[in-house]
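In what comes next, chain A is part of two complexes: it sits with chain B in the first one and with chain C in the second one.
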Partner chain A sequence: MSIAGTRVVRVEDQKLITTGGTYVEDLRGDALTGAVHAMFVRSPIAHARITSIDTSEALAAPGVIAVYTAADIDLPPAPVDPVTQSWLADGVVRYVGEAVALVLAEQRYQLADAAELIDIDYDPLEPVSSIDAALADETLLFPEHGSNVMQVNGKEFDEKTFDDCEVVVTRTIVNQRVAPVPLEVRGAACTWGDDGRLMVWLSTQNAQIARTVVAAGLGVGEESVRIVTPDVGGGFGAKVGADPEVVALGWAARHSGRAIRWTETRSENLTSMTHGRAQQNTITIGGRRDGTVLAFRLEVVQDTGAYPRLPFLPILTELMASGVYHFPRVETASRAVATNTAPISAYRGAGRPEATAAVERAMDLFAAEIGMDPGEVRKANFIAPEEFPYQTPTGASYDTGDYATALDRVLEAGGYADLRAEQARRRASGDPVALGLGISSYVEVTAGDDSGGEGGRVDINPDGSVTAYTGSSPHGQGLGTSLAMLLSDQLGIPLDKIAVRHGDTDEVPKGIGTFASRSLQMGGSAMRLAADQVIARARELAANMLEASPDDLELNVDQGVWQVRGAPASSTVTWAQLAERAGEGELSADEWYDEGAPTFPFGAHLAVVEVDTLTGKVELRRLIAVDDAGPVVNPLAFRGQRHGGLGQGAAQALLEVMNYDPDGNPTTATLADYSFISATELPDFELVNMETPTTRNLLGVKGIGEAATIGSTPAVHNAVVDAVAHLGVRHIDMPTTPVRVWQALGDARKAEAK
Partner chain B sequence: MIPAQFSYRRASTVDEALSVLAEHGDDAKLLAGGHSLLPLMKLRLAAPEVLVDIAPIDELRYVRADDDGVAIGAMSRYHDLHRDTVLREHAPLLAHVAGSVGDQQVRHRGTVGGSIVHADPAADLPAAILASDGVLVARGPGGERRVPAAEFFLGPFTTPLEPDELVTEIRIPRQTGLGWGFEKFTRRAIDWAIVGVAAVGRSVGLINMAGTPLRARATEEALANGASVAEAAELAAEDTNPPDESHAPPDYRRHLARVLTARALDKAAVPA
Partner chain C sequence: MKVAIEVNGQTVAEEVEDRTLLVHYLRETAGLTATNIGCDTTSCGACTVLLDGESVKSCTMLAAQADGHAITTMEGLTADDGELHPLQRAFREQHGLQCGFCTPGMIMASVSLLDHNPKPTRQEVRDGLEGNLCRCTGYHNIVSAVVEASGQEVDR
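Then we have the complex of A and B:
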């Protein structure tokens, strides 16, 4: 019997919830005995010239081994096209939290004392603390580049695009900056071995890419760097590859001749790890009063933060601009601008949530303008099931989907008609607690990166157990369990005899890692290929041992034995016997899978909120979701990804924002100020199932890591606006905090009075 | 997040604590639950040379009812107060407020004495004690003195307590039979109040509407003069000076004070 599709408790969990994982901070190996501790001294000013750095007092402090600044590090800076970034700030600091000096000390507590003794003089420059300030181009972050605009994409808009529309709505909306807040902050440990190789233990989402980054940064060959990922406590995109700190640490380990450990603080994590989202989007939507949308335009301004780390973010937003809709005309363009804030990089969804938020707000604005139910407007514009594969005007090729069914299921499960009736009752009675319903229909792209596939290797050990190696890099998702389930089904070997290994570049030299919801589809397909190869080899061997033709042999997956078709059950060989016959390491296959084309999960969410119209406070009452990512391998892990995604997405709509004041100082630099969501603020999620396989990989699966985040933000956001729509409110920027809702209500009242 | 160097002393009686304070004066700080002091030290906003840990002083962990009212030992934890049957009977507002401070960890460590002396304008218990006409009992080298809550909160994080004094007790006039209401307005359950209102009978204490906890005097007077709750609550923001933060500008806080005062007074109108 197949175990795929059954609720298997994640093999990872026993350790994580009993003894706890082994994170970088926990490592106690011989190689790190006597390691020194590192701390980065960071800029307290958003934009300034560094006029002098005096490290002498710090160097004399107890336990201090070294204090390094940019002047010491003899490495070319990192290219962050079209500019460069030094490993430690060189002459100019560009955001609060930028690393300026690196201190090494024998004991961790000595670092904080020593850091206070480093005397850095800053000559403040005008801070560029917002997108608008950046676009003004009065103060430049990189004068040598000539502009704060780092990247431009898209064609010029056609003046006539909306000419035939009866109704046109346009609005600029903010997709605010948020912080990833992984439970485990960033950390690394490193040491140079006698063999001249650098060993790095790193909290990362992909050891192999980290190896490339670190080797390139240090100017050594990739064979000179080994990266190992211990347990990783979350990344959400912000731990893709390796941050500049890691190269600085590798350099410092070489220069000082000491092994080094580094773990950042929570405030450091909030202010100097990359942030996500940070877009300002102008949407224009036009169509007929019957609900047909004729044209959609999206103009993206991406805040890159101080260094443009991820040029493809706004491009991905453009790619997914038209969402689940068959819009006849779609126009997009984007600009990316640098500001004196922490750099922006991937964060759960990376470019797609912004697209969905824009088009789903646009659909609601359009619906409100023509006075039609938002669900009906969506249905009038969906891409139809028979149109797949569907080529969007922005260049995406959607694989499979049934958007109308997803929405129907969610509305039915939620009791949409009854909820609308209840809303009408409350409005009629003047109830100060307003009810709001928010819909979002979404499609997103997974494994959409151009990283070129994933690796998988399967070894049958002499005792008949399996060791599998994946180039994916699970860090909390439970992928190890899912891969083992697939292998167990394919090979007929029980789960407890399958070990899945990952994240050591010496063990798995080729790999891409875990991001873009790519791991099961790419890593899982690679594993399938490898197991196919092993099965083919085993068939030959078994045929030989049983003196039968390979064609007559079959693998009995229920018992995990090879047998001759139709022959008595006694003549079988086990995997152990085969492995023994094959010889050490011979019953093994190492494969590379490249899907070639991405997959497009989709779904629909319905959020129900209550808004206290006297205080502006929003309570999320219900969140009902269809998240279709094809066939489900492990429903438990699948549900976990949806729960986390729903919570994180709702958090962006309601609470989370990483704020900077006009001087560029972060004002949400602790978890007391940065409002990430907790269970108390969330309802029980109502999950509705739907499985539409893709045609684009061996397993038929799409990615689920980000889908629910992408769908839930606009659903909750739309619900808040819907709750107060009858009071004249058309839009409230995220996060829809109490004060913003209250202010929107006040503005609407004033507008009405005029 | 590592504090500057300090030396650590433990005190298991009030006298012991007082003698360490007398020895070190300004350089010493009492450590109760540590939930305000330790974060400040880790951020290096406070750097006392000597920490006097008063957690072992069990003699200050009690709630007793006597003829005048209720006496609460300063080292009582929020959790103790929330569960205490004597307090629930005689000063139910305080028992309730103690149960809504922070989260479980905070409530098991944080003390009523620490909360009062820390004098954070955003803190919950100080406003409830103020509304309850509480009196604080302090001991120092010169003996014991009593300071009414109304005279204790001088400004943000500022009280008339001398560095060599220790708060031992909080005394609350009996509230048996009085109705009460508590409205704490937060973004998330774990947050400090953006604005809070603690009402008992016709007394109203405001949280985070100025640099100190405040009584809503105009509201109280209006009630005394026969105004309705709705009318009186409209005056709740008079003579306040709320802080300005991007997530809660002063006009919003004033509005909240009015709405929440009405809600708290409506609840308080129902006798316990």
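Then we have the complex of A and C:
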């Protein structure tokens, strides 16, 4: 009987709930005995020339092994197109938190003492602390580049685009900068072996890409670097590859001849790990008063932070601009600008949440303008089920979907009509606690990366157990359990005899990793291919042993044995018997799957909020979600991914923002200041099922890692605005904190009085 | 200075620097690495342990302050025969963990919570765990795990 589709408790958990995971900081192996501790000294100023660095006093401090600065590191800088980034700041600092010096000391507590003794003189430059300041191009982060604009995409807009529209609404909305905040901060340990290879233990989402980055940075061949990924305490996109710190550590380990351990502090993490989102989007939507949208325009300005790290973010936003709608005309363009803030990179959704937030706010603004229910406006513009595969005007090819059914299901589950009636009652009675309903219909793209492909290897061990190796790099998603379930079904070998390994580049030399919700569709398909190969080889071997034709053999997956079709049960051979007979590597297959295409999960969310109109305080009361990612392998993990996504998406709508003051100082640099969402601020989630398969990979699955984040932010955001719409409010930028809601209510009152 | 702490029933006595934090004493001196450090402002709760049965955040306490006291970490919840504590079991059954980093602190805070309130409502669990942050689960299944461990039915 198939276990795929049934709820299976994770094999990963036993260790995590008893001795705890083994994260980088927990490593106690011989290779790190006597390792020195490392700490980066970071810029306290957003934009400045470094005029001098005096490390002499620090070098004399107890336990200090070395203090390195840019002058020491003889490596060419990293290309961050169209500029470059030094491994430690060289001459100029461009954001608070940029690494300027690297201290090595025998003991952890000696690091902070020594760091205080390093004397760095800064000559302040004008800070560029906002997108608008960057666009003004008065102060340039990279004068040699000639502009703060790092990248431009899209065609010039057609001035006639909205000519035939009865109604046109335009507005600039902010998709604020947020911090990924994995509970485990960044960490690494490294040592050069006697064999001339660098060994790095790294908290990363993809060991193989990290190896490429580290080897390139150090100017050595990839064969000279081995990355091992221990347990990883969350990544959310911000642990893709390896950050510049890791190259600096690898260099320092070579230069000092010592093994090194590094773990950043949470304040460092909040100021120097990459942030996400950070877009300013101008939306223009036009159509007829019957609810038909005729044209949509999205103009993206992406804040890249001080160094452009992920140029495809605004491009993905453009790609997904028209969302679930059949808009006849769509225009998009983007610019990416550098500011004196921490660099921006992927964060759960990476470009797609911004697209969904823009189009879903636009739909609500359009609905409000024509006085139509936001659900009805959406239904009037959905791509119809029979239109798939659907080519969007922005170049995406949607595989499968049924957007109207998703919305119908979520509205029915939520009791939408009753909620609207309750809202009307409260409004009529002047209840100061207003009810708000927010809808978001979304589609996103998973495995949309260009890197393509994933590796999978299956070995049948001599005892008939399985060791499988994946190029994916799970760090909390439960992919190990999901892959083992698929293998168990395919091979007829029980779950407890299947071990899934990943993250060591010597064991798995080829791999892409875990990001873009790609792991099940790519890594799972690769594993399917490898198991197919093993089955084909086993068939030959079993045929030989049973003296039958391979064509007459079948794998009885219920019993895990090979048998001759129609023959008595006595003539069977087990995997263990096969493995005993097989030559070295005969029951082993290493496959690369690269035929898959991006898939397009979709869904609909309904958020219910209460807003205290006297204080502006928002309470999220309900969050109801349809998230359709095709057939589900493990409902336990699938629901867990949705829960996590819903929580993180709601957090952006309600609370979270990474703030900088006008001088470029981060003002949310600790978890006491950054409004990380807690259990009290979230409701229980209400999940509604829907499964629409895709044809674009071997398993028919789509990704679920980011979908619920993408859908929930605009649902919650729209609900807050809806709650106070009757008081004259049309928009409030995220996060919808009490002070912002209260100000919006005050502004609306003033506008009405005029 | 010399600090002696009973950790999970065993006395650990070592000479440490005066400023040694309790969490570092547990991780480095006692060699128990389940207890994690997630922040530097007593905000995230990843380092939560029990001090004489009450939950404390071990990153904001000096080891010296725990001298002569008894500490329980997540490692200490598992019985000698390997039998799991009801909360450990419930976190697994209800999928109350994903990356596992917040889990030791979350479970220890939950032990303390159930000690004070043996039959909490879901909202009471949410309020009781406000000082423990999780980035992966959205908290839904953590609440379910604590409710299950309290012997109440989980209905969602």
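Just so it is clear, the second predicted complex is superposed on the first by the 751 of 754 C-alpha atoms of A that agree within 3 Å, B and C clash if a C-alpha of one lies under 4 Å from a C-alpha of the other, contacts with A are read in each partner's own complex, and residues count from 1 in each chain.
Just so it is clear, contacts are C-beta pairs under 8 Å (C-beta built on N, C-alpha and C of every residue); 3 or more make two chains touch, one makes a residue touch a chain.
Note that this is a predicted model, so its numbers are computed, not measured.
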item: Room on chain A for both chain B and chain C (clash or fit); value: fit
item: Partner chain in contact with A:Asp113 - chain B first, chain C second, else both or neither; value: first
item: Partner chain in contact with A:Val9 - chain B first, chain C second, else both or neither; value: second
item: Which of chain B and chain C A:Pro127 touches, first, second, both or neither; value: neither
item: First, second, both or neither for A:Gly645, with chain B first and chain C second; value: second
item: Partner chain in contact with A:Lys617 - chain B first, chain C second, else both or neither; value: first
item: Contacts of A:Thr680 with chain B and chain C, given as first, second, both or neither; value: both
item: Touching partner for A:Pro601 - first (chain B), second (chain C), both, neither; value: neither
item: Partner chain in contact with A:Arg266 - chain B first, chain C second, else both or neither; value: both
item: Where the C-alpha centre of chain A sits as vertex, the angle toward chain B and chain C in the overlay (nearest 10 degrees); value: 40
item: Partner chain in contact with A:Asp26 - chain B first, chain C second, else both or neither; value: second
item: Partner with the higher number of touched chain A residues, chain C or chain B; value: C
item: Smallest separation in angstrom, by C-alpha atoms, between chain B and chain C in the superposition; value: 5
item: Common ground on chain A, meaning residues reached by chain C in one complex and by chain B in the other; value: 108-109, 265-267, 672, 678, 680
item: Residues on chain A engaged by chain B in the complex (per definition of touch); value: 108-109, 111-113, 116, 265-267, 614-615, 617, 655, 659, 661, 667, 672, 675, 677-678, 680-681, 737-739, 742-743
item: Contact set on chain B toward chain A in their complex; value: 1-2, 4-5, 44, 185, 187-192, 194, 246-249, 252, 255-256, 259-260
item: Touch list for chain A against partner chain C, complex; value: 9-10, 12-14, 16-23, 25-26, 28, 108-109, 181-185, 231-234, 236, 263, 265-267, 475-478, 636-637, 639-640, 643-648, 670-672, 676, 678-680, 682, 684-686
item: Of all residues in chain C, those that touch chain A in their complex; value: 17, 19-20, 24, 27, 31, 33-44, 46, 74-75, 78, 84, 88, 91-93, 95, 97-104, 107, 122, 125-127, 129-143, 156
